[in-house]
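Chain nomenclature is as follows: A, B, C, D, E and F, assigned in order of appearance, with residue numbering initiated at 1 for each chain independently.
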């Protein structure tokens, strides 16, 4: 029977992980930003060839990953051992992927998902003057390793 | 010709708004969280009737909106005069909407979008033990008012 | 009939202050930290004559006041125009007072109360090795001016 | 002879814990919020039956606990393994308790005390429109376990 | 007679600016990062031609400027209307300049100086594996406009 | 051949340290703040004898050290086991030194350098009303121990 582990006797709480072993864990998340033509044109005109606008988003994602436990109320603080964020322009739109790694008592899915969300919002911010029809979509976990619940790998999308 | 206003001479910068008038502005954003059956069952079993799990997400969205300029690198700090975040379970999934208001020299689209993103990540966090197939999707601007670029209202979706 | 203004239709929200005028507002709060003899002795031995340990608490209170809207979920960000925190050792214990001022659409009671709370916690932290029986008590609003609800002044305590 | 361990040669510093073993530690703190009749009536009218206003405070306490080392100047960052905050309405007022756990080189008393303080300030914020005579009182350590100084348990109060 | 305006009756405080008019103010600051040969070589090999490593520092400076009042204890929060940070490699080393603008009751010298300091630390971080002899030097105010103390322009350095 | 370890395939990333052993590491950094006569006079008149203004800077440095990974984009979060910041007035100006210690997979040079930078900016802030010609200079690493790259000790300066 599924349950909400973040609630105990009807109250939200930060789950006790003190009895879990500290193990190596990774998580990779993805988001797709769909671009109306004006937004794509602005991105292409604005230097995506040089990589700079997309690099602003990569950095925002890395910085955001480190703020995960301050942003998600019931999330544990985790000592991240690495964060990689990639942001690239493809036919389907801007594809954002983020991988977080740690050695800790809890996983880093939320860190990877926060990284792609903040990176995506940053892309949106840079393009919002060109179009208001941008969408951040399909924010999801692609893969995780480590932890009691075992490894996971999402079904690939057509664009993969 | 569209351009990236956040770049000047090839460098990212925070756009100068000192000559813009301070006016009333609002923005409403939305996200949809699609739920595999196990996630929906966990949410329903876990007290969504009482509203509590969804209220955790509402609060996270409100708190997150206030962190927008710290999270989005080129975003201005804005004195928010209100934030409303609604999170409700519907057939299509969990629907998150957020409205931000200010009287400022720049708009609050990013505050509304950050609120729905952080609220959505919080829903994800509470449900991730039940299913890894949850997706945050269709994060988009629904409506904005005020500012030089005028008012905007998105096309409704079938679920609206 | 009293009501919870932070709730609308059963959901918590940040109250809309966009139609309120921006006016000058001040608030003064107080806390008393009661000290078991060992804690008082440690404070006196540790340099309270020079003022230093109490100054650590004053600074923590000032810094804390600036974090109020990030700490109190439904609190508006307010541009503080000044913060004064006083921390002094008296017979009743350590007395902490804080005054915050702003010109804004909402008051600064929470800023003053947050300042005395963080300053008090900092005093506690410095003395906790000496005694575990310290208490932070009577955290309350002493006075406020400005705003629609008018001025307020608390009843003095015996120690005043 | 008691001393201020946070001062060395007259300067404040963050105590060196690098030679202390990492052990399991817990701390529980409490605060009592005394309510004038109008504040109690507002809380009861505002949905305390549903638990929502008190849940806002619980979440604020959990989030605040994670900010402890950023708020208390000489406090070490600690990887919290869990935080529980309970907020309940009783005859004596609103009773807030918080328990923090970690496996670290230093204790979590300040995390538990910060959690109850921020939760209490949040209750105050929600009720301050109803009454300005609310007080946050008796913020104290109820219990700690682990660490070189050993276990501690406070004397119960009449309300316990 | 000079005085420390941040102290009143021997206590640090945030100066009261509530009676000062809100006016347009700008400040420009500079820092020079001197590079041992290995650090310069790493920077040149690492893509400074593409601008990327220096752009990481620019962004860090912009983000850091927005954190100024949280970092400098007695500094007022200021609604920045723009921030520009430039980081370029010259013969003297890496030259960092930052300009902040606001319309406020207090100036933005600290915002500009914080921006160059954080940008410089970020350059240091990226190059520290190549050399430990890097220095951040000559962090100073180049120019300010607005405010009661009037305009200021520093003497140019040989490298200007 | 030197390289930028913070870049991989042209993208900035947080370097993976998951395979490095957790070892004891220390770093000491220094900065010198040169003071025009008016600034020195203000500092001496303002209570440097009592130590207070310099203590404000010491505290800001300690607090700033704990924010290092939030300020420097590609820096890892590190559990600091101690931070000492000293700020003293000498003939050459105000000398700031900071020592950080940890047991972690990565070093604490950036924590020590951030501490001296934030402490120096705080000194600047307190003295800027007296003189605009203050400079923060020679921000550099004095010494580090631990880690794969081994120990390091800088050449002493004339003032040492």
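Simple rule for what comes next: contacts are C-beta pairs under 8 Å (C-beta built on N, C-alpha and C of every residue); 3 or more make two chains touch, one makes a residue touch a chain.
From a predicted model like this one, the values you see are computed outputs, not experimental measurements.
By the document's definition of touch, common neighbours of chain B and chain E comprise A, C.
The contact pattern of B-E recurs in C-E, the pair among C-E, B-D or A-B where over half of the contact pairs coincide by residue number. Taking each chain's centre as the mean of its C-alpha atoms, chain D lies 32 Å from chain F.
The multi-chain contact residues of chain C, meaning those touching 2 or more other chains, are 10, 12, 50-52, 55-56, 59, 63, 67, 73-74, 79.
Chain contacts here follow an irregular pattern that is not a line, a ring, a star or a complete set.
Contacting chain pairs (ordered by label): A-B, A-D, A-E, A-F, B-C, B-D, B-E, C-D, C-E, C-F, D-F, E-F. Taken together, the chain E residues at the contact with chain B in this complex read 24, 51, 55, 58-59, 62-63, 66-67, 79-86, 101-103. Remark: chain E residues 8, 10-18, 69-70, 73-74, 76-79, 104-105 touch chain C in the complex. Looking at the complex, you find that chain D touches chain C at residues 1-7, 10, 12, 38-39, 41-43, 45-47, 50, 52-53, 56, 59-60, 63-64, 67, 71-75, 109-110, 113-114, 117-118, 120-122, 124-130, 132-141, 144, 149, 152, 154.
Partner chain B is touched in their complex by these residues of chain D: 50-52, 55-56, 59, 63.
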